[in-house]
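The next part holds the structures, each set out as structure tokens.
Each of the next two complexes has subunit A plus one more chain, namely subunit B in the first and subunit C in the second.
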Partner chain A sequence: MEKRFWNEYQKEIADDHYFYERSCIRQTFFPGSEAAFLRILRDELGKDICDNPHQHTCTGIGYHSDVVPFETTMTVVARLFSLMTECGYENYVPSCVTSFGVFSEMIEKWENDPKLLEQARQYLWEATKREFKIPKNIAHPSDIIYKFRFDLKPKMKYQLVNRFTGKPLRVVEHIGCHYAKIFPDRGVGKAEFPYVLAGMIEAWGGEVIDYPERRHCCGFGFRQYLVQENRGYSIANTKKKFQSMEPYEPDFILTNCPGCSMFLDKWQYTIAEMEHKTYDKEGYGIPVLTYEELTGLLLGYDPWKLGLQLHQVQSERLFNKIGIAYNPDEKYKGISGRLLPRPDRPECLRQD
Partner chain B sequence: MKSVSIIGAGPAGIEAAYVLAKQGVAVSLFEKSSSPLKNIADKAFLFPNFAAATDIVEQMNRKLLNANIAQHLDTDIVGIVREGEQGWKLSDSHGNSYYSDAVLLATGYTPFDAHRKEELGYGIYGGVITSLEMEKMIRYNQIVNSLGEKPKRVVFLQCVGSRDEKTGNHYCSKVCCVTAVKQAIEMKKQLPDTEAYIFYMDLRMWGQHFEELYRQSQQEYGVRYVRGRISEASGTFDGRVQIKAEDTLMGLPLKMTTDLLVLMVGMEASEGTRCLAKAAGICGEYGFAQSSDPHLGDCLTSQKGLYVCGTCKRPMSINDVVNDARAAAFAILEG
Partner chain C sequence: MKKFGFEISKGRQLNFDEMKPDKVEKLLELVPSYKLCIGCGGCTAACSAAGFTDYNFRKIHTAFFRAQYEGLDEQLKRCMLCGKCLLVCPRGVNTRSLIINMRRILNNVDPVTWRPQRELKSKNEGGSNE
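Entry: the complex of A and B
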């Protein structure tokens, strides 16, 4: 990589007073990520962020799978915006990249077709007697962490440096397709080389790997995965990415999309089971982190409270490289303090 | 016509200046660079007959010497305004003014900046170069990949910055198709064992001998053609370039690695063309200068005493530019 110029494009990201919208699936697969984001914003950055208990799905997965009609999605989006309006906020922050794409799409459609906007207002009123304002700013949470990456850096206990070699950790970053591929100007660095995660990695001492299939889909792709007969396409996409990144020997993968995090993590087990192949040298797999997990880890949060034990590929080797303190005895301790049953160890994927 | 100011000392400006000076007109030729013919100075050979660009440059320079032309090099004309009924006033970036009865705009083009197509990796991966850089490599017999080694495969991609919705340039740059054919042949002459691929939408072989050149490239030199645009280029672990495309004749996606990816960059209106066409009120599409009529008044403009020729109007080949310049000169002489 000779020159980097794509990071010059910066989108507008609000400074404070955010309305947070949670993801449907993230709390299942990465249960600590959203809580970590709220903690980082409130405790580390002193920001105001509203976590409204009345929120619900954006319908994104159903919408992109053609099982939820456009009008329904539009009205559901309108209801979510009405919650934000009622709470007195103007800056919308959807946790999920798919939601981010759905909201961006609706606003774009409303701006280009005012009749559609009127229709959305009418449907929402008829269904719920609610009204809404279009947000002044929509930013993905990764945009916000990116925006404040240098404010967070002095608070961090660790850097993305291999403590044994003193060299920067080598990181694959993977951006969700719906972050910038639908509307390039909504993503930091635009669509071809989004800089949102790369900016965090570089700011915190790591090195971004630029590999040939960097922009390729993770393999989620909605219908590729949701229709069982199509899952071969899904895993073939993921395999293509791993084959491409393998020679660069990444220390971990960083993502900003629920689907990408899940598939890049869990398909590693499936590929190992099917083909007895892992894409690290020693058979452990490559850890996949969300940007909230990474930020929390570097800030010194307990890895187990971030939910890292629930990943398919375990991260202890990464902790050791960075020097992150953790207590292996507490890995499976529940909130009540009682030890939970240990999950079975996969035979095809090594764990310490 | 007693005096004419010509802005731009490329092939168009020089040819028109020569014709006018030979007819006794007082010609002032303005060029913002320190030397004339900047856009063809680094070219190797010109299509369709592989004439050495150095010969063309030499002949053009001889014309400059053999006619009574007042040359103003390093003079950036930034202002143009009509003074009264008869004359024109030009002003340069240093505040100097120049007066003449007529002005000929020959401010030319600028090559498309390939950085704008960031998905093609120009400026990011060393193996991605432009057709201008390839031309230099051919000229100096130094066709090498990013590691300085002889390439095993070279891929040429047509229509970079032309016929492209994304960059806002919907027009065809006209010369890139045949330039790629010519460069592929030149490359094969120097490196016969190197594979050459040309990715295209359609090949516009509009000029005399162009079609023959296209056939010759396949039959004699083994250049391979793929109908499809490249969607992205990425660097590989071993310093090569991976490209993805769709072969639209086969109806299949395609992925290959190459040592060099040559982007055939199109023509855009130069900064001088944009600025002066706007100032003079003859701004056409895409920043090019607008002539008054494409059939019978292609060198005339809506402004009396203001003429246009060459690639400041639209993309053209060098031979078309030279003919157009002569036409402009005779239009000026006719008044």
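Entry: the complex of A and C
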């Protein structure tokens, strides 16, 4: 009975042959993440994934801020699907949780209103002379890593265990709202029991922290953030989450949404500057990792190739806890091997 | 501090762990009929001061009961103590007494003598020059 009940909280995730769509925020702020995901899928899992260079935005941020109208977004989504159709794929994998929500919304609308689907086909044809098929399966990349978490485990060099105490690392997981709160049946565990990241953490030796504001928004919220004067609301949400998780002393935060990773990471700096407050004991802040970065780290990828030096809260203390080898001298080395200029140190957020 | 062009908005959430209900307890002790209030707002509807200012007694006593004391004394000064609220209250709450005692508690004066509590305390302890 219990097993059958939990079945309702699962989703179908395609096995192979994926069409990947990159995220505007993820490739800007966490540039190593998407490359790491492609490497994990191709090299570690031996899967086929297409990374088409002609892809573009899904308009998600503009759409949810009421800047881009519905018809435009629908046509842009149709164009992205046409790229997938052209390449001969049927399983769509959008890197961004906002895109994942937008695609799920468009498909839901097309299924319920065939006239809208006809309109989308017509607009796309008139604008680009292209045609598209609706994907058979839409999965977020975190779904795929979750699906293959036990296949990846034997390949991993490290576990989520504190090497000094031997205890599991305590991890806060944060699911993007648009992953399962808009269409709950499209997320593993739905919005009630989000398990996509918790499953990874538990499988790889860590302990998930169940804190009071676990399901609260990270503070992004699109229109709440776009106008500078309104950002006080955005940061107030993030602060509420940090206040709630602080007593549990998390070792790091894991997210599946690029927007959440950015806000939970960068607002720590802003709160520290504004209120001289950090939410860890030593004043370094709580590192925020994307699931690709975490998987890459545990597989033994170079942290600097994963782009971890570009985070606001630095992760060296976490590497030391897990025992991850890294070379501090190469932290700011560019691809050409030349040392890049070092960023300024924050006044209130400590760095080693 | 760096200027970001915005500040962190204050939350409206009540944290019962951080609330200091000492003043509320004192008020309930002095005006026991306050426990009967159902927040109907009759007092505010009948209020003479509310007709000329943004004085809102229901808002004030609700905030007081939630231990959100900031700015309340300044607002309570607008009350003319006419007592219309007392006449209309369906639950018989002694609203005028409530207002007077709220001000006494907020200003930390003795409820009987209206002398500052500190002065009274030092007198009892024999430390006053009075």
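To be clear about the criterion, the second predicted complex is superposed on the first by the 344 of 352 C-alpha atoms of A that agree within 3 Å, B and C clash if a C-alpha of one lies under 4 Å from a C-alpha of the other, contacts with A are read in each partner's own complex, and residues count from 1 in each chain.
We adopt the following convention: a contact is a pair of C-beta atoms (placed from the backbone, for glycine too) under 8 Å apart; a residue touches a chain by one contact, two chains touch by 3 or more.
Computed from a predicted structure; not experimentally measured.
Using the contact criterion defined above for the overlaid structures, shared-chain residue A:Arg231 touches subunit C, although it does not reach subunit B. In the superposition on chain A, contact of A:Leu152 is made with neither subunit B nor subunit C. Look at A:Arg215: by the touch rule set out above, it reaches subunit B but stays clear of subunit C. Judged by the touch definition given at the top, the superposed model places A:Leu160 against neither subunit B nor subunit C.
In the superposition on chain A, A:Met274 contacts subunit C only, with no contact to subunit B.
When the two structures are aligned on the shared chain, A:Lys239 is found in touch with subunit C, with no touch to subunit B.
Across the interface of their complex, subunit A is touched by residues 115, 118-119, 123-126, 232, 234-237, 242 of subunit B.
Interface residues of subunit A, counted against subunit B in their complex, comprise 1-6, 190, 192-193, 210-215, 247-248. Of all residues in subunit A, those touching subunit C in their complex are 228-233, 235-236, 239-240, 270-271, 273-275, 347. Within the complex formed with subunit A, the residues of subunit C that make contact are 1-2, 4-11, 13.
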